[in-house]
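I'd like to ask you about the structure that follows.
Each chain carries a letter (A, B, C, D, E, F, G and H) given by its place in the written order, and its residues are counted from 1.
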Amino acid sequence: MKKLIIANKEFNSRLFIGTGKYSSNEIMAKSIEASGTEMVTVALRRVDIQNPQDNMLAAIDRKKYLLLPNTSGARNADEAIRLARLARAATDINWLKLEVTPDPYYLLPDPVETLKAAQILVKEGFVVLPYINADPILAKKLQDAGTATVMPLASPIGSNQGIKTRVAIEIIISQASVPVVVDAGLGLPSHAAEAMEMGADAVLVNTAIATANDPLKMANAFKLAVQAGRDAFEAGAAGVKNQADASSPLTGFLRD
Amino acid sequence: MKKLIIANKEFNSRLFIGTGKYSSNEIMAKSIEASGTEMVTVALRRVDIQNPQDNMLAAIDRKKYLLLPNTSGARNADEAIRLARLARAATDINWLKLEVTPDPYYLLPDPVETLKAAQILVKEGFVVLPYINADPILAKKLQDAGTATVMPLASPIGSNQGIKTRVAIEIIISQASVPVVVDAGLGLPSHAAEAMEMGADAVLVNTAIATANDPLKMANAFKLAVQAGRDAFEAGAAGVKNQADASSPLTGFLRD
Amino acid sequence: MKKLIIANKEFNSRLFIGTGKYSSNEIMAKSIEASGTEMVTVALRRVDIQNPQDNMLAAIDRKKYLLLPNTSGARNADEAIRLARLARAATDINWLKLEVTPDPYYLLPDPVETLKAAQILVKEGFVVLPYINADPILAKKLQDAGTATVMPLASPIGSNQGIKTRVAIEIIISQASVPVVVDAGLGLPSHAAEAMEMGADAVLVNTAIATANDPLKMANAFKLAVQAGRDAFEAGAAGVKNQADASSPLTGFLRD
Amino acid sequence: MKKLIIANKEFNSRLFIGTGKYSSNEIMAKSIEASGTEMVTVALRRVDIQNPQDNMLAAIDRKKYLLLPNTSGARNADEAIRLARLARAATDINWLKLEVTPDPYYLLPDPVETLKAAQILVKEGFVVLPYINADPILAKKLQDAGTATVMPLASPIGSNQGIKTRVAIEIIISQASVPVVVDAGLGLPSHAAEAMEMGADAVLVNTAIATANDPLKMANAFKLAVQAGRDAFEAGAAGVKNQADASSPLTGFLRD
Amino acid sequence: MMPTLKINGEDKNFENVPSTLKNLLEILKVDEATVVAEVNGNIIPRNSFNNTALHDGFKIELIRFVGGG
Amino acid sequence: MMPTLKINGEDKNFENVPSTLKNLLEILKVDEATVVAEVNGNIIPRNSFNNTALHDGFKIELIRFVGGG
Amino acid sequence: MMPTLKINGEDKNFENVPSTLKNLLEILKVDEATVVAEVNGNIIPRNSFNNTALHDGFKIELIRFVGGG
Amino acid sequence: MMPTLKINGEDKNFENVPSTLKNLLEILKVDEATVVAEVNGNIIPRNSFNNTALHDGFKIELIRFVGGG
């Protein structure tokens, strides 16, 4: 499998993992390992003063996994920028999953505020991976603004609906000069494989693994599916046909 | 992964491979190996008297791969039965992929003749794996007649269209007391993964691998996808949601 | 709109209506009228001795609507044939919707018993309209047996899922020498329009109208949709394109 | 059918027609009439000095059809605003289909420039109907900016692919306080009916009608389909079921 | 034991078995114009209802059209 | 050098520049009722065509409605 | 007329018909280990090839496995 | 009135305001290695926690990483 390169960093795995919704830090850590990922997203939240002990970060081996802080909760560019700076202060890295979601119900990204924040954060030296609606024009503006990737959504986050934006994502991939990471809504390994077969460079998965009955097994399933989809893309699939095409020879039949 | 059992035989791989359409016996043999399969289908045809040397069977290691002769070319039950008996005479095994396809263009299976042939061949001691349209009633009749599996088609053979009969296959799986093998039309690893996620027991793939630019890589891709789909089925995926469901916490936001 | 001809009878409407599940005979009658149909299906059941008055037939104007008795409830060919003969004895017509559904849960048709019954009933002079799974080979056998139409299902009856068997129905239409009536599962007018655009000759609808909040309005909606779909088929739609194709001219732009 | 109201103007037809790509002004005029529309879009282009006679506007009865000038060709907000002002100067009306499409290949709308232009044009008193990607957040920003509708695309313009953005359009409809007009990519009447069944307030069609073999018949087909879809929406369709639901009674069977 | 007719699968006792199918329908208050009947497995044309004799133990099916799809 | 008007992006030479926009349209045989015009970036109302003077080097845009979606 | 065998649907003439199926395969250079044979509609086990006599007019099918799906 | 710090949006009263951010974290039993802090809107590098003086009325945000997608 060809290596993935984002902002000059090489990745052997094309599966990125979100760390939310796990029933325990231990299951999270084991699922991360089972997924074979090399990059995991994390969120920033206020310390609970009543219960200040919990520290999920301790469960993540920073030598093996690049941390990708997100700006979840930001409703506009200013809030996202503030979170980005805090994230950088808290870690030694400047990678960032930029998300700006004004609507609390569908949690869909804001194209205008996301672009605005991206332009500023790129200037501040962040490696910006923006989460966006499947909008080819917006994707182009972001890559022109210097983002390290574009991350169009497959369907509403956490919905497990799979790729409901296929036509737009195909256009984004055909026009992209930066890696395209399909994010949000991938509910099954077949969805992840489909994204990779379409030519996506990577996928990001959280809910489908964290909420499975057996997260470790599901993490492994996504690992295999992403490899399968990428291999298929590299192997060059034959096209779709409207009629049938016999697998067995059409001559030499046993007839009288 | 839970082992697959057909007619008391255990399989570690849930991917079956067709041997047609390969550019050479060597590429076929290597693709079979890359797929990790344990069962491969073959067809019976008249020897070409002008050129009697070619012998593809020599390229298949019978110790590693169970041969599954098919009755391709049979247009009715009688022709299928004749081919079945020849296949058994030619090998030391009695497994058979039963296919009866009167129509040379779409190569779709004949429900009546297939059932008729199955009833006779089961009585003659064959292990019958019938290739059928995605027809739940027919599937039930065949399993009642003692076939070892049912093999509903995903879409016309060789068309690479993927699963175009999803609703019917879901019903077949829900009613089956024998393994369900999805056959024909699976064009991409994501299609195979989808079939396994639905609860299919195995899939049979030929054209998608044999006609890929890189058959070995595609064979491996299908191997991974089938494992991924089966693991996902066993891992118990969470359901689809219409609204979003945040991966990051919805509390503790940094607000003034 | 080209007229539909079945067994030498002309139809101006390509929408057939089922009479089940209506909240009253009056709403049924008004819905039938709103639909513009010329043929309605009815079922045969034992008279309820405790309550022998109800007579839905009185609500149907036999001069305007051809009765199409069905064999619903028949689990095999013999039961279907018995019902067919009773239906003919009860009416002055010999048209019959043949359905054989051994499974009480999904109510899917039995290909073998349906074909067997069709062959006998055609010989007895019935105009047979068989309800079948979307199986092109079976459809061909039935038309060869002399049925007046074939009626493949779109999805399980009453499920409102729409056309889940598109690939198979397209093949049936391409091979049919008798009218193809898409039956079962059409839940919305767009589903009926899609069937007609594909080239189906007619559709049969019951549940979607009878169980709508406003059956009369829904009946009219299906009437319009069937006309729309047929007109579109006759008008010759332009094909699907992968890229865009401007509706406004690509020259004469106002540029400096 | 409930009347559609946009910017206090009542419409009896929920189908809007584009005037591009017709083989002649006469066929355009007859197709417009056959469609029953009350609003037609037009574009602005430089007069061809070599051939200054052609005047398509003469073919459109301004008493029967409201003109909706578009800003096609505009690559950014400034060009769109310039075209908007010219359109208003050329006509006595201030309605405008706002489209900003920087990319000449897929002709997809620019979210940022479209919003920018909309904010300015609303202030200048235009009735703005913006053509947008199916982006619920952007749709909300535009309605907050005072646009008269939002017009999300179904699929790339002129592609006839139908509704490839269903999930996003459903969200837009659920959140909209202004009419939602589905624009671009509707290739068949069933696509238009589907949009209306989803609860869209209207649809805009051009290519599918103008490029049909028989544009008049296709215009009528879309007219019927839009009525059908709207009626179905108002009639309240029953939901989709996974299992079957018999249309005929499940009691009173003729059994021994 | 009282004489019996098996009607639509259920035994029904009578002081005296109705002499004809027509009588039976009258007793059951079933409008003969709306039904089709089988007696011992044979379909009886409507115009023969009144000359179709019934006897103890006969199996009778009375069928009618209902709404169906 | 001859006087020039830039019309719809292209230079056009004239012996004498038409005195008004109205004259220009007449020379070009463009029905004024069907066009909207810009002169040097300013939109000219149709009823001002005949009192809009033109001079060498002016930029003129003549726009018209065409079929569009 | 020369003696003939119908092999895989085609008539083939011989000076003298090969005495056994085994001889025929040798003449045709077909490796017997790779084929299954029918003679006049009866399947011949491989170990009987050498004692299956052939005569003028016999119908012989020589079948072999090929790639198939 | 007691001196107050606004911590994560909520007022918290103290007999005496902790002298430094480091003291505050100790009092709150928050492991300083796991948090990032803002004081009056300015981000405080971790190595400056112990020389960041606090006074009555200061607004303090204590932030930490949690699981997120």
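Here is the rule we go by: a contact is a pair of C-beta atoms (placed from the backbone, for glycine too) under 8 Å apart; a residue touches a chain by one contact, two chains touch by 3 or more.
Please read these numbers as outputs of a predicted model, since none were measured by experiment.
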Contact-graph separation of subunit C and subunit H, given in steps at minimum: 2
Chain of greatest Cα-centre distance to subunit D: G
Repeat of the D-E interface, chosen from A-H, B-G or B-H (over half of contact pairs identical by residue number): B-H
Distance-maximising chain from subunit C - centres being C-alpha averages: H
Approximate Å spacing (C-alpha centroids) for the pair subunit A, subunit G: 63
Interchain centroid distance [CA atoms averaged], subunit C/subunit E, Å: 34
Subunit B and subunit D: spacing of chain centres that average the CA atoms, whole Å: 46
Multi-partner residues of subunit C (each touching 2 or more other chains): 18, 20-21, 41, 43-46, 70, 72, 86, 106, 108, 156-158, 161, 206-207, 246-249, 252, 254
Residues within subunit F bordering two or more other chains: 9, 61, 63, 66-69
Pairs of chains in contact (touch as defined earlier), listed by label: A-B, A-D, A-G, A-H, B-C, B-G, B-H, C-D, C-E, C-F, D-E, D-F
Complex interface listing, subunit G residues touching subunit B: 7-10, 12, 28-31, 34-36, 38, 43, 45-46, 61-69
Touching residues (chain side subunit D, partner subunit C) in the complex: 18, 20-21, 41, 43-46, 48, 70, 72-73, 79, 82-83, 86, 104-108, 156-161, 187-191, 193-194, 197, 206-208, 210-215, 217-218, 220-225, 227-229, 231-232, 234-254
Residue ranges of subunit F in contact with subunit C within the complex: 9, 61, 63, 66-69
Parts of subunit D lying in touch with subunit A, wherever the complex brings them together: 102-103, 106, 108-112, 115, 133, 135-138, 140-141, 155-156, 161, 164-168, 171, 175
Contact footprint of subunit F on subunit D as seen in their complex: 18-22, 28, 41-47, 49, 52-53, 55-58, 67, 69-70, 72, 85-87, 89-90, 157-158, 204, 206-207
